[in-house]
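The structures come next, written out as structure tokens.
Here come two complexes built around chain A, the first alongside chain B, the second alongside chain C.
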Partner chain A sequence: MSEPVRGPVREVAIVAFGQSEHVPDSSETSEVEMLMPVLHDVLAQTGLAARDIGFTCSGSSDYLAGRAFSFTMALDGVGAWPPISESHVEMDGAWALYEAWVKLLTGDADTALVYAYGKSSPGDLREVLTRQLDPYYVAPLWPDSVALAALQAQALLDAGLTDARELAGIGARSRGGADTGPGRQVVGPLRTGDCPPVVDGAAAVILAAGDTARRLADRPAWIRGLDHRIEAHGLGVRDLTDSPSTRLAAERAGAFDAPVDTAELHAPFSSQEVVLRRALRLDAPDCAVRVNPSGGALAANPVMAAGLIRLGEAAAAIRRGDAHRALAHATSGPCLQQNLVAVLEGER
Partner chain B sequence: MPEVLTAPLAVEFPFTRSLGPVQSAFLTGLRERTVLGVRARDGRVVVPPVEYDPVTADELRDLVEVAPTGTVTTWAWNPSPRRGQPLATPFAWVLVRLDGADTALLHALDAPGPDAVRTGMRVRIRWAAERTGAIGDIACFEPAREGAGEPAEEAAGVGAGAPRVGANGSRRGGEAPLRGHNADGQGDIPAGGAGGAGGAGGTGAAEAAEAAEGTGAAETTGTTSTTGPGRTTGSPGTAGCPGTAAYQPQAHSGQFGEPVTGIIAAARLDYVYAPGRTQSRYIQGLAERRTLGERCPACRKVYVPPRGACPTCGVATAEQVEVGPRGTVTTFCIVNIKARNLDIEVPYVYAHIALDGADLALHARIGDIPYDQVRMGLRVEPVWAEGARYPDHYRPTGEPDADYDSYKELI
Partner chain C sequence: MSNAATAKEPVAVVGVGQTKHVAARRDVSIAGLVREAARRALEDAELTWADIEAVVIGKAPDFFEGVMMPELYLADALGAVGKPMLRVHTAGSVGGSTALVAANLVAARVHGTVLTLAFEKQSESNAMWGLSLPVPFQQPLLAGAGGFFAPHVRAYIRRTGAPDTIGSLVAYKDRRNALKNPYAHLHEHDLTLEKVQSSPMLWDPIRYAETCPSSDGACAMVLTDRAGAARAPHPPAWVHGGAMRSEPTLFAGKDFVSPQAGKDCAADVYRQAGITDPRRQIDAVEMYVPFSWYEPMWLENLGFAAEGEGWKLTESGVTALDGDLPVNPSGGVLSTNPIGASGMLRFAEAALQVRGRAGEHQVDGARRALGHAYGGGAQFFSMWLVGSEAPAG
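Up next is the complex of A and B:
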């Protein structure tokens, strides 16, 4: 195995982050109408115009909208004429950020606009997400996203790695301490308080390299490491109580090389935060890491944008001076199947 | 602010998927009430079987038969079954490690309530009455009484049990040559197990089920049983028989008559499509027989149909501008292939039309003129059917053709 990437050939930073209001039903706005103010926000933060951007990359899913190539419509909000250098991933925008980061590392571009959006309101999200599962053995059974997360939660409870009280506490803390009880059971053992709200929303960040980043932002959030890993797709092959892909991505991103003070974890279900904290060693008794000061995905989970928002929130904490070294995590697939970890730092 | 429109949108995609050799054997096996797994490079038996090793990505072809009984490794209580799920009444989602397997299979467990379900409980497959070679051939799992007499209980005919043993017997008889792969040469293990379930087997099952709780214990138990008294004495109905967690997987050729080579994976998702503010305004305008474009505040171009943003400038369009109704054909094509569910005789002409006052051409069908007389520059106007909310087609106005220079930027 090759050595982990340390000290990239080029320094790349997040210099701006913006997100929409996340609402249960955005039927008044099309995707581009929802996205455009967010794009304008991040451009305004840097003083860049759309034509100044070297590379544009987005993340979204046609299955949410129920329309093929729906992302091309969103490009109307970018101003893609004269033709721009552009790419798209049918994934959370965190993976679009990964592609843009690589693009900047190659030296092909000095700036990148990364955005993501998800409108879950047109469809039934729990049904829609079944279509990402193995089409031979699993998808025909239509196991919805909450059911699969509930299997993972029960495995954690059986293993004695969490209990109902801790899960309820995670949900309450994520929603700002408004502890209204764990709510009704959705798919046992998960209750409404353990599950993410289904919302529509969008987010965007701007990446910049080296001195360009220093010029565009007072305190750029430097990406010290970034890696993503995937596990076997068979749920019954995996140990659902652990996340070796998160741990490996964190190692490769250099997360364990020095302590972090803040962690933004993309855990759509309270039980998944337990898995991630263990994988990332955030559960040590003396660990003072602030986990999800933004509220995380339990507060707002716009599908396809929530992972990018974790990177954006971590960067924003650094830019505000609230954090110096932060870990950001994004996930995709059932039961934390695929995981991305970034390590961000303020100027040394 | 106009009323925002919505419309139902159903997306159906009945994919026809071909199967690889391992998937084909597994799904054909289900049709024949036989559950196959595949042995991975590390020796684990993976059920449901995969074509490639989950760790090394090596091609896997070493099929084994596992038991239709197993142990729940985790579960989730589903109080509100949804469309397409295996059971219509409240049930538990379960991951089940079938006896002889080292990984778990996802399915539904038919149980009266969450109090009747726990991790480590013993379950068995309830086969669907009609089987086609699909994961749904397993109708669901059902609780199996722990401890003594599971195979005997099957023979006694709980649910589909009684006809099943008979069918199994005749099927297995017919495929006797395929059973020669059994490692220990015992022949028809399942039938023997069913007949011989007694005290010894029951005890073994109870121990094994207990041991299987937690992680990976079944493997250890199974290893023990191969060298245990059950195997060495060769007597059926001991710890190695189906219905016990210590069941040893049997080699299997994967060969069946009329193998299933593909599945049709039907899927339907229902949406409520909402086009947003701008397009709602446009569609409502059409219903009033007005065509409403929107002007870009930066480049001043008028877009029709408007989508809320200027694709060149990337800014919101807000100022509404009524355009047309007349316009100019900028370019066109002749359609010679009849679209399904479209009641228009071919050939017909589909054209880009620059409405007067618009800076973007929209597209529509041209009618009331022979298809071979349509030309660039032709002046047209919309034709509204009685009570329609949008134009049916465009027809010639009779005006002289537009000068090429007047529309060349819009082609």
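Up next is the complex of A and C:
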């Protein structure tokens, strides 16, 4: 990219984060019912009411809901009267946060509510995700998401960049040591411990600018940089062992300008954490970064919300005082096609 | 709302491109369709793919083409590889919302030059089917959009006492305007007012000739900052105000004839743009009119006419191409409706008017134009006001 680096013109912070319990099957609960406690939670954390919020943005997917315009029902759960300034991305909520961050940078709003939700349980997620592939040449073959991740894992193994032991270790660490066995093979070389649980869940974040953020939270998690990049769609034209889009987004977000102490990576597969650690330079021998203290997407992967949760978990770590400078990452598309990186900091 | 002292970067539209809209573009893939519009926008701006820093793409539901998150597959076709790419989806207002998200990237100085694009290739699937998937425990809405909106049109007629000829006047006017727009889908050269009035009744009081077609098409714009505008080969359109507003689909007290969200959205745009008398200060309007009666309804909702008076503007010819306040000089949604792109087409046609580049459907001396979009159950609104002069400050 040849464009000059433009710094954010306004300070924006995450001042509240909430998430639902992530469950394998929420058939007793509608999207709105799943979302409302989370929205009430973040509003209560800040003392704001929905009508006080300057901008609202959400992320979700019609294909999970099985119906068009599915986000309109969820919007009713916000209590959207009187009319609100509101938008929606058909992407993970991390990108909804990006849109809200830009809105706050323009100065048109001082606070933003961002939320995301996904219910995978009504369908077969592996089959549903095949519908995001090239509709003419690839999707008709129905290659499922685990099979595509397995291609990526095999490419890493073939390149000697990881081994089965490291992959198993990532799975065990992410799940708090609860699942240390090798597990059943799902799609070779991936075993159950390398794959994310399929769960339903929701998350929400409140953003605020400048002094508003200081008023709403004792220790705001300031967004020092935020960038996202996409790669080619075709797996055949990408080096699956690398993630140049993550590296570029991290550079643009300023992730390499100073060391981070915590990283929340959206790596649904253990092999993808290996790729991300390399792209983000988290593998240096002297590197003391805590990676995914929350357990990451291998512990809970509510599709559409899992990326926003990485940003929320990183902010929560800063707000608790467990972290000072944290990196948060979100991904979208097969084999890490699109990646977002945020750098968050506590007040010095 | 805001106490920010931050001055926004002025945003300029320096490139506009659209496809020739037709019922079915069987000669191109979805990727081919969007690339055609994007290339035309770049050519208008005399820029190359390398000049674009980010891409913001919008469309209506993924079910319409059967591709989940099509931005992933379209990254290559839109030159987005290595760049940020954002996908907006706000129902029928999406084309407008998408342009506003792109404009904010420039206004916030996150990027200098952004490509924004919206599309729909309705022939890949069936929009009626896409909107009618059964959902457990919810009221099925199998009547299509016309069935949903017809009762609200009927309410407007009853409330205002408008004669039942108004809808056909709008349809006839917009379809005649479309003859001057080479990109419009419907070119009905032998259309007469009598033909509109004798066309079959679909959803009383909406007749067949008063409804929008199903189109394949895409629309793209290049947005840039002050420095980019200074280098532009053709006059830019400057964004003087933009806003989105949402309200629930159904709730006690909702006014479907003139939703509060639409009024609030227009008021926000006018405040930003310094508009105090829209009827006199705005020279052209590209309004989202999928069913003809929505012209008089939105004239009131947008503040161009007092409540109950919108139909009088239409009847007296004020909204004709040679009238005092031309509405939909391009032919509008009634002549061209690639759903996901329809809102952006309204925004882009408003920009063409103030750039003086609208060709045969140019409104003489248009200096300020409004682009308007709505979606869902008349619940999502997005609008922008563009001008031939840079905003003050």
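Throughout what follows, the second predicted complex is superposed on the first by the 339 of 348 C-alpha atoms of A that agree within 3 Å, B and C clash if a C-alpha of one lies under 4 Å from a C-alpha of the other, contacts with A are read in each partner's own complex, and residues count from 1 in each chain.
Simple rule for what comes next: a contact is a pair of C-beta atoms (placed from the backbone, for glycine too) under 8 Å apart; a residue touches a chain by one contact, two chains touch by 3 or more.
Quick caveat: nothing in here was measured; it's all calculated off a predicted structure.
Asks: Just checking: does A:189 make contact with chain B only, chain C only, both, or neither of them? Give me first, second, both or neither.
Replies: first
Asks: Just checking: does A:29 make contact with chain B only, chain C only, both, or neither of them? Give me first, second, both or neither.
Replies: first
Asks: May I ask you to decide whether A:75 touches chain B, chain C, both, or neither, giving the answer as first, second, both or neither?
Replies: In the superposition, A:75 touches chain B and chain C alike.
Asks: After lining up the shared chain so the two structures overlap, which partner does A:66 touch, if you call chain B first and chain C second: first, second, both or neither?
Replies: Both partners.
Asks: Report for A:151: first if it touches chain B alone, second if chain C alone, otherwise both or neither.
Replies: First partner only, chain B.
Asks: Regarding the shared-chain residue A:232, is it in contact with chain B (first), chain C (second), both, or neither?
Replies: It touches chain B and chain C both.
Asks: Between chain B and chain C, whom does A:136 touch in the aligned arrangement: first, second, both, or neither?
Replies: A:136: touches chain B and chain C.
Asks: Examine A:89 and indicate which partner it touches, taking first as chain B and second as chain C; both and neither are also allowed.
Replies: Once the two structures are laid over each other on A, A:89 reaches chain C alone.
Asks: What part of chain A is shared between its chain B contacts and its chain C contacts?
Replies: Residues common to the chain A contacts of chain C and of chain B are 63, 66-67, 75-76, 80-81, 128, 131, 135-136, 139, 232, 234, listed in rising order.
Asks: Flag every residue of chain B that touches chain A in the complex, lowest number first.
Replies: The touching residues are 4, 6, 9, 11, 15, 17, 19, 23, 27, 46-48, 50, 54-55, 73-79, 82-86, 93, 95, 97, 103-108, 114, 119, 134-136, 215, 263, 265, 267, 269-279, 307-316.
Asks: Can you check the complex and tell me which residues of chain C touch chain A?
Replies: Residue list for chain C touching chain A: 1-8, 29-30, 50, 53, 60-76, 80-91, 97, 101, 104-105, 107-112, 124, 130-131, 133, 135, 243-249, 251, 259-261, 264-265, 268, 376-377, 379-380.
Asks: What part of chain A is in contact with chain B in the complex they form?
Replies: 26-33, 36, 39-40, 50, 63, 65-67, 73, 75-81, 121-124, 126-128, 131, 135-144, 147-148, 150-155, 158, 185, 187-190, 232, 234-237, 239-240
Asks: Under the stated contact criterion, what part of chain A meets chain C in this complex?
Replies: 1-3, 6, 8-10, 54, 56, 61-63, 66-69, 71-72, 75-76, 80-91, 95, 98-99, 102-103, 105-110, 128-129, 131-136, 139, 209-210, 227-234, 244-245, 248, 332-334, 337-338
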